[in-house]
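By written order: A, B, C and D. Residues from 1 in each chain.
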Amino acid sequence: MSAPESRTTAAPRPAPRWAREAKPTPEQEDFGPADGAVRRRLYRIIFQHDTRSGLAFDLCLIVAIVASVLIAMIDSVAPLHARHGHVFYALEWGFTIAFTAEYAIRLWIVRSPLRYARSFYGVIDLLAIIPTYASLLLAGSQYLLVVRILRILRVFRLLRLVRFLHEARQLTTALRGSARKIMVFVFAMLAIVTVFGALMYLVEGPEHGFHNIPLSMYWAIVTVATVGYGDIAPGTTLGRLLSSMLILIGYGMIAVPTGIYTAELASSLRARSHEDARRCRQCALAGHEADAHFCRNCGTELDPADGHRDLH
Amino acid sequence: MSAPESRTTAAPRPAPRWAREAKPTPEQEDFGPADGAVRRRLYRIIFQHDTRSGLAFDLCLIVAIVASVLIAMIDSVAPLHARHGHVFYALEWGFTIAFTAEYAIRLWIVRSPLRYARSFYGVIDLLAIIPTYASLLLAGSQYLLVVRILRILRVFRLLRLVRFLHEARQLTTALRGSARKIMVFVFAMLAIVTVFGALMYLVEGPEHGFHNIPLSMYWAIVTVATVGYGDIAPGTTLGRLLSSMLILIGYGMIAVPTGIYTAELASSLRARSHEDARRCRQCALAGHEADAHFCRNCGTELDPADGHRDLH
Amino acid sequence: MSAPESRTTAAPRPAPRWAREAKPTPEQEDFGPADGAVRRRLYRIIFQHDTRSGLAFDLCLIVAIVASVLIAMIDSVAPLHARHGHVFYALEWGFTIAFTAEYAIRLWIVRSPLRYARSFYGVIDLLAIIPTYASLLLAGSQYLLVVRILRILRVFRLLRLVRFLHEARQLTTALRGSARKIMVFVFAMLAIVTVFGALMYLVEGPEHGFHNIPLSMYWAIVTVATVGYGDIAPGTTLGRLLSSMLILIGYGMIAVPTGIYTAELASSLRARSHEDARRCRQCALAGHEADAHFCRNCGTELDPADGHRDLH
Amino acid sequence: MSAPESRTTAAPRPAPRWAREAKPTPEQEDFGPADGAVRRRLYRIIFQHDTRSGLAFDLCLIVAIVASVLIAMIDSVAPLHARHGHVFYALEWGFTIAFTAEYAIRLWIVRSPLRYARSFYGVIDLLAIIPTYASLLLAGSQYLLVVRILRILRVFRLLRLVRFLHEARQLTTALRGSARKIMVFVFAMLAIVTVFGALMYLVEGPEHGFHNIPLSMYWAIVTVATVGYGDIAPGTTLGRLLSSMLILIGYGMIAVPTGIYTAELASSLRARSHEDARRCRQCALAGHEADAHFCRNCGTELDPADGHRDLH
């Protein structure tokens, strides 16, 4: 799984596909530490995940995030809020102060604080602490407190440190590879939803709950995706016939995104297992077919035992 | 399906499968321009998508279509209609006149106006303008106005210009390839729905909402496709047992269209990547990787242009 | 598609896989005609589908079946029954007499009438006519009339004649190949449904509609298959937590039958396209790999152009 | 995953992948019999499935388990309990005493009773008999009786004896192989559910049934998994827009677990068929068909025993 790291090439040639995709993406945080030993050490702990203390920090952060999100959830339950509201309030301030300190330190230790503050996770980090302060200043800002739930997104950053990194990348690579096909599909679906929404508005009308076309389109989405709340349901025979058609379309169309994604994932898995296959002694190109006798890049005869070296 | 025939020849061979499928299909508009420089130029702008002005025209058209559809939607919301109805009315007439002018120009510039008028998109173009005029003549024709929503289908024509052309074609090729299998599946499903609908009418009867067999079949479709509105639900023990069976059938059967489509899409993706592969002059082995310089079987240097000839 | 018929072998070897599967199955009607020229000719028309008159008979039969099923459906709609009941009654007797005559002729022309009468379609043919006669003798047998809907199953017999035969066989072959895996899956699902049904009965109890364990299991099936009528829904916090778990299980588990069926279908498609591949001049074995130079059965060198002969 | 290493050696090689996976797993019961001829014989009957009497015992056990579970289900139906409660009570005690005897014998005949008692199925066996005894001692313990339903899990142990062993293993192997990917997916889904639950609580609020965030998250799970009970449904326009987005996400995301599982299952099926393939002594080309007598690359005669050694 993690074998490919050592694949540095002897001869100049384009990096293999997976390596090109491993280039730091906008989501990856690599701002570089500011100068100074303390800041460098803190950077290593807070932004990187390869040391013992870095790992411990990450674990604490996950626990704090999940705990603060759970408290925000529980706090929304009226009876619990009435009885334990002050405890939740105190805990919430504790977490907010801790996260504020963490945010300040992050700003302090990166080489370019502005770049960090404007990065995706920099914004999320800020959004995680603003609502609590805002609730002091603004009336009616208890709604803002729900924004604290967005803190859960901060956990995604830490996902990278654990062993799921590789799995997550495979999934998102396949998603990205199939993104355009899925957009075509989503567009076709929206057109179907629009047409059926308009037809049902005509056929059923306000007396059966289809008050206007946007509402009918909401019903059409609920139907085509096989959710079917039943808050709006057809009441006429023609409406039921149209519904049945839309349902069959939705039931059949679920095959399309599944097919797209499965085919993409299967082919990316195949490509990867390919990458791990035999390597040329001369030019270090890997991925030779099982029945190849000569390197497809430089023509050198392949060592039949060569395929093993990668794996041991 | 019949792709493998050219596998063994290095000599002139038929174009690769995907290229052959790129032949103009009935959906593609290729009516040919009428004579005259102005008309030819307008044809190039309106019917083709490879010039700067053609692209600009397409973008304007998409914006106009989407805007007019959005207005038709919003206009159906009673309070908005009451307050801003006259604005929507004016805008609607503006769009209608613009689309009418566009339709007239299209008729004027194609070599055979009749062929265009009877083509799929020709009919849609006409349907997009008729309802507004009809609403002047006929009472109660506000229902006709909903037909304007069908304008959304006009966007599909423009789908072809953007970069999604290739993706859309892959999806529809796989759909067409699996169409007969899916028809067999839909027929089997209709038979199941009929039988279960009749049984539930017997078992539950009008007192639980199963008033007649067509209504029971509507319920069966809602159930088998896992939509489950709940407007009609079984009330007896035997009815619930039958429902459970139908639900399990539906849950299991969703695998069938998905399987059909996925297998078709995967095999068409594979076929394509195979067709694109290169062939050794010496030993005729095909399927070389895109970055191969030497045959993996006999070590002969591969003709660099060989892999590309397919693509141009 | 229909090329493989001519695959008679030169040397004794086991028939290819698809041929072994093409052996007459119980569903296939091959009773053999009784003696006598008239009977033989009628047999060819009624039981076989390769003559002009046989095809015409099949089409008439399909029309009659579908029409009689539609009438049975429409007749169940109370207002239509009140107004046109006598017309439906007359038409129903017309169809019943025609089907009775057809059944009698079938019995007369097959070599072994008993074998036909006990075959699957023989029983269906009988079930299609009994209810109408029974309604004369028995009071309250209007329920029996719904059994007429089962006539729809007769159409399946005729499915074989049309061009969908091949597609239907591929689908059912893959279903049969994955049947045991799907049974394991269904058993696991029933166990999950049983356990969650019992837990929800404990947690929610009769006051939220979970009156007994079988009813709770019905709810669990409705939930795990993502149908969700909403006629029974959890009312307690713990119940909602359990529901959420069950829903996630059901949402994830839908991958299993789909995965099973897709993998099976894909591999059977691959196997088939394999069968169509290159054929040895010496021993007529087909299905050689694209890079094979020698027949894997007899070692003869393969004709590089040989792969084409099948297809022209 | 690490299967390909033996590809190049014809010499003694590790057992094929599927055979290595057949090693006793923790779930498999292999405690070893205690000393003594009687105990050894009983062990063979009760714990193993390869003798006639062992099979008969297994069948009796399945019948008893299923019967006792069915009785527990039916007993929960109020009218049946009122009328036949004493019969169910007697039968329940009969089954409980039989299962107790079986449990005692199992403890007696294994080499290490403690290890058996703490194994998964040992605990299940105990849980299957405790509730009935507990109902004598504790008031209100009729709730405990529902725990008897867990007996259904005992049948899984016996699943192994039947021919479905191999199918079940393929399915679970693919599940285990995709477990980490599916965990990433479940985590992403929980985050989406949390965010949408919080947003809907903000937008809809208690007046439309979204009383608190945990309840909103329950609604979000019901929606994203396309269940859609309809007990809680959005009532505002913005809420319906958010719902539509969530529904589309859920409808698209169902592709992800399906894709993961299908790709895994397909690749494990392919890997197996590959492992079983044969290798040429001369040119070391593997992957010969089962019916190949000659290498498809160099024409050397294949060792007929080579392909079979794997399988015995």
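By definition in this document, a contact is a pair of C-beta atoms (placed from the backbone, for glycine too) under 8 Å apart; a residue touches a chain by one contact, two chains touch by 3 or more.
The chain lineup, named per UniProt: A, B, C, D = Ion transporter.
Here the structure is a predicted model, which means the values were calculated and not measured.
K.L.:
If we look at subunit C (Ion transporter) and subunit D (Ion transporter), which chains touch each of them?
P.N.:
Chains touching both subunit C (Ion transporter) and subunit D (Ion transporter): A, B.
K.L.:
Thinking of C-D, which of B-D, A-D or A-C forms a repeat of its interface, with over half the contact pairs identical?
P.N.:
A-D
K.L.:
In terms of residue numbering, is the interface formed by subunit B (Ion transporter) and subunit C (Ion transporter) classified as same (over half shared) or different (under half shared)?
P.N.:
Counting which numbers both chains contribute, under half are shared, so the two copies meet through different residues.
K.L.:
Whole-Å distance, subunit B (Ion transporter) centre to subunit C (Ion transporter) centre, using C-alpha means?
P.N.:
29
K.L.:
Between subunit B (Ion transporter) and subunit D (Ion transporter), what distance separates the C-alpha centroids? Give it in angstrom.
P.N.:
40
K.L.:
For subunit B (Ion transporter), give me the residues that contact two or more of the other chains.
P.N.:
214, 217, 226-230, 254, 258, 260, 262, 266, 297
K.L.:
Sort out for me which residues of subunit B (Ion transporter) touch subunit A (Ion transporter) in the complex.
P.N.:
Those residues of subunit B (Ion transporter) that touch subunit A (Ion transporter) are 69, 72-74, 76-78, 143, 146-147, 149-150, 152-153, 155-156, 159, 163-164, 167-168, 170-171, 174-175, 182, 186, 189, 214-215, 217-218, 221-222, 224-231, 254, 257-258, 260-262, 264-266, 269-270, 273, 288-289, 291-299, 301.
K.L.:
Taking the touch rule as given, give the residues of subunit C (Ion transporter) at its contact with subunit D (Ion transporter) in the complex, in rising order.
P.N.:
Against subunit D (Ion transporter), the touching part of subunit C (Ion transporter) is residues 13-14, 180-181, 183-185, 187, 191, 194-195, 197-199, 201-202, 206, 211-214, 217, 223, 226-230, 233, 237, 240-241, 243-244, 247-248, 250-252, 254-256, 258-260, 262-263, 266-267, 285, 287-289, 291-299, 301.
K.L.:
Help me check something: in the complex, which residues belonging to subunit A (Ion transporter) touch subunit C (Ion transporter)?
P.N.:
My answer: residues 226-230, 258, 262, 291.
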